[in-house]
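Single-structure report; data block below.
Labels run A, B and C following the written order; every chain starts at residue 1.
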Amino acid sequence: MALVEVRGLTKTYQRDAQVIPVLENLDLDIEKGEFMALMGPSGSGKSTLLNLLAGLDHPTSGSIRVEGQEVSGMSSRQLATWRSRHVGFIFQRYNLLPVLTAFQNVELPLLLTSLSKKERRDHVHTSLNVVGLADRVDHYPRQLSGGQEQRVGIARAIVSDPTLILADEPTGDLDAVAGDEILTLLERLNSEFGKTIVMVTHDPRAADRSHRIMHLEKGVLTR
Amino acid sequence: MAVPILYNVRSLRQRPVSTLATALGMALVVAVFIAVMALASGFSAALARTGSRDNAIVLRQGADSELASGLDRDAAQIISAMPFVARGADGRPLVSPEVYVIINLDRPGGGTANVVARGVSAQAFEVRKGVRVVEGRTFRSGAPEILIGRSIASRFGSTAVGDKLRFANRDWTVVGHFEAGGSSFESEIWGENEQFMPAFRGEVFQSVTFRMQDPAALKGLEQTLEKDPRLRVDVEREYDFYANQSTLLTQILEFFAVFVTSIMAVGAVAGAVNTMYAAVANRAPEIAVLRTLGFRPAAIVGSFLLESVAIALAGGIIGCLLALPINGITTSTTNWSSFSEVAFPFRVTPDLLAAGLAFALLMGLVGGFFPALRAARMPIVQALRQA
Amino acid sequence: MKFARLVWANLRRNKRRTILTTLSVAVALFLFATLRSVLTTLAGAAEVGSETRLITTNTISIVFPLPQSYYERLRAMEGVEAVSWANWFGGVYRDPQDFFASFAVDSDTYWPIYPEIEVPPEQLRAYMGERTAAIVGPELMKRYGWKVGDRVSLRGTIYPGDWPFTIRGVYRATTKYIDEASFMFHWDYLYEKSDRQADVGWYILQLSDPALAPAVAKRIDDTFRNSSASTETATERAFQASFITMWGNVGFFLNAIGLAVFFAILLVAANTMMMAARERTTEHAVLKALGYGDRLLFGIVMAEAAIVTLLGGLIGVLAARLLFSAATPFDSWMPGFSVTWPTIGLGLAIALVIGLMAGLIPALQAARLPVVQALRRVA
């Protein structure tokens, strides 16, 4: 059984009287330990798919099972809890809270768990170590470079040891060097720690670093 | 060159809730300001209307109120005979030696109120031009009859025409109601002095009020009367005497208005400062563009000040509108100078409305100043990069 | 509270805004505490008068005198332990606007009947032995820089002329509702110098048992009903309360102002919270993406609002409390003016309500924020 099983996934948006299909009857399996890239032109629905996988949005029809658990039917409240345990999300614009230090940003998802203060601290330090920012613990986002900010973002995504890491254009705002560092980091997370990663990108060089590339065009998956 | 006003109008409309909240906050400050000032103004107007500039009032030397005063019949006679006392058509002097006492009346809602009972002469209605019987008739000489001031009639029981009101161990028949141009006389009970004298304090008047032959000659007659060894009295223009009674309470109310509203204003201005800073921050790129186009910092300051003042003025106008309905509403308070209760209407004057608007304007200027300065000092390049 | 740091960090994000909002709530609650204390002080003053003392005045009103001859008859009443009397003098020192209470008291009986007005024994002895001696409140001593032994002269408004006095003692009130700015002197001096014109303004009766008050009061008033001056007798407490009602509808007036203050500050606070929340829409969306639930987010935004207003409220009411316990600007107007603990509690409750109401809309917005759209706006 695949880690993620998507069956007959359809998502449409209603704009006024018009129904706009974004994803149409989509099937997809993601195996545990996979590093998959999702490509496609803008408006192809790749971000929508990612949001659905993250449990941020409800599909119009179809099902998404993660570790055999049906996600698509959960309420918003259940989804929030589910996300905190199973999903690590990496944003294109990092989306760190400017008022919190790197440490505090990474700690955010752990506040939702029942971990003790000491356990939280250990987890945060481990994460920041993995992304190579052990010496930037008390820096605020504005004191970090773009690449460093994104690494904090990745540390935040892995700190709760989620089932699935979803990255939405993680290198989109970075220069080539910093982007390369981030991709290397993601590769390491995949190979060294066995993390399952789904990455949305439109940069072919980024996609080349993954194990599998899926193309999404007009709501339909192609290889 | 000034930044076009249209630019401000548009930006105000971009954040309607915030603009409205700020304006309403200021509106409440202005409304409270006007309301308390209208209370002070109503009170002082009622007392200012009480006295006439043509009349003089005579009290015993040293007495600061009618209550504390006492004049015997001889003194009243001497004053009546003075040449500077005006005479009526019948040739009799226009003078009213008066008995002035405070009585307790039961309030319908419980408790008692101090009310002035004034015993006047038959000439009193000629001496005091504004006093007019509006219901029933005036009292007859020699009868235990009384007239009730219009504003008392609505506030106490047993004051309708035909009712009997008991005070000073006697029953008095209410034969009429009178009005007195909104003055504090309307909060009094009037009867004949010769009837009140034995009922209260015996052979003594509290004051003598007379019409002056020549109102401009007050100084002269003041000297004549005050120097007269038979009298030992103080003389004052009737208008001044009553108007001065309002000074203390009016001052307290005005102090209170300023105290309360300036504290409120601190809060409202803090809100305006927040709003304006947010406006400046939100529009940093636009400001940079304006600067790049060649608008000078002064023009930017002017533009933001204008915006802040516009919000404040809108608040001021709303505040005026909120306060306007209280105009004319009757309230009552104790006139501590006479120890009696006076009813009077709130008085919202054009001056007060203007003062309220000026107050709003000031709040707008203060609230907008620092944010406007910040806007003008914003580094162009940095702001452009945010765009 | 592990989320406290997040709330705290948000409050520190725009320090100027947080400080200004706290300040505006603080001044509003300062104002509230002040206005409210006027009411509680008035209400308190209406309740402090003794229940075991009766005051007998002329029925017509307090400005009418009573005959001295009533003294013996009142003393003979059953249930009456002691009788004293006093009269309003209404003296003016220098400026008539600078008002204080001055009255003549029957020195032999007055001080024993008022144990809560304390005069040092040696000062009282000196006072008793001198016709023109006066006993003065500490507030007045301070106001005019008087010292014991000073000669002062008051101008009589009711009893004409200049009245010289020698200050022989300073009293201290052991309950805070007794005015410490009064001027008291021998009634005998008033009587003699006024050519025996002065009468008794009011009688004070000490009862053996407060339960007798209604019966004794009725018996007194019945006794004098058809005399030259009929009487009105009530407990000292009721007598005090009747003065309070002379202020008119202060309660309504102050409450109306209080309500306006409340809404003005609510608008300021709500506006600030909305601005703050609006700027943070993306961050709220991110938190949601991290798994923060709607209720948690609602709580975080609410907590932020409530902390600001509670802090402001605390500053405001405590400032009022400290200020008015250090300096009593209205002392001669309102003896015992102070901010009570219930007022402080009520002030804090109001501050909390303002915070919750101000935070409600932004908190709901945060809770209902659609994550996908909010994120798309930035991505």
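Quick note on the criterion: a contact is a pair of C-beta atoms (placed from the backbone, for glycine too) under 8 Å apart; a residue touches a chain by one contact, two chains touch by 3 or more.
Keep in mind it's a predicted model, so treat the numbers as computed, not measured.
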Counting C-beta pairs in contact, which two chains come out on top? B-C
The chain whose C-alpha centroid lies farthest from that of chain C is chain A
Chain nearest the global centroid, as defined over all protein CA atoms shown: C
Roughly how far is chain B from chain C, going centre to centre by Cα mean, in whole Å? 25
What is the distance, in whole Å, between the centres of chain A and chain B, each centre taken as the mean of its C-alpha atoms? 71
Taking each chain's centre as the mean of its CA atoms, chain A sits from chain C at a distance in Å of 64
Two or more other chains touching the same residue: where does that happen in chain A? none
Chain A touches which residues of chain C in the complex? 2-3, 5-6, 9-10, 12-13, 282-283, 286-296, 371-372, 375-376, 378-379
Which residues of chain A touch chain C in their complex? 47, 51, 54, 56-57, 76-77, 80-85, 87, 89, 91-93, 95, 97-100, 104, 108-109, 111-112, 117, 156, 168-169
Please name which positions on chain C make contact with chain B in the complex. 16-17, 20-21, 23-25, 27-28, 30-31, 35, 59-64, 90, 92, 96-97, 99, 155-158, 160-161, 230, 232, 242, 245-249, 253, 256-257, 260-261, 263-265, 267-268, 270-272, 274-275, 279
Where on chain B is chain C touching in the complex? 17-18, 21-22, 24-25, 28-29, 31-32, 35-36, 39, 60-65, 67-68, 101-104, 111-114, 167-169, 200-201, 232, 247-248, 260, 263-264, 266-268, 270-271, 273-275, 277-278, 331-334, 339, 341
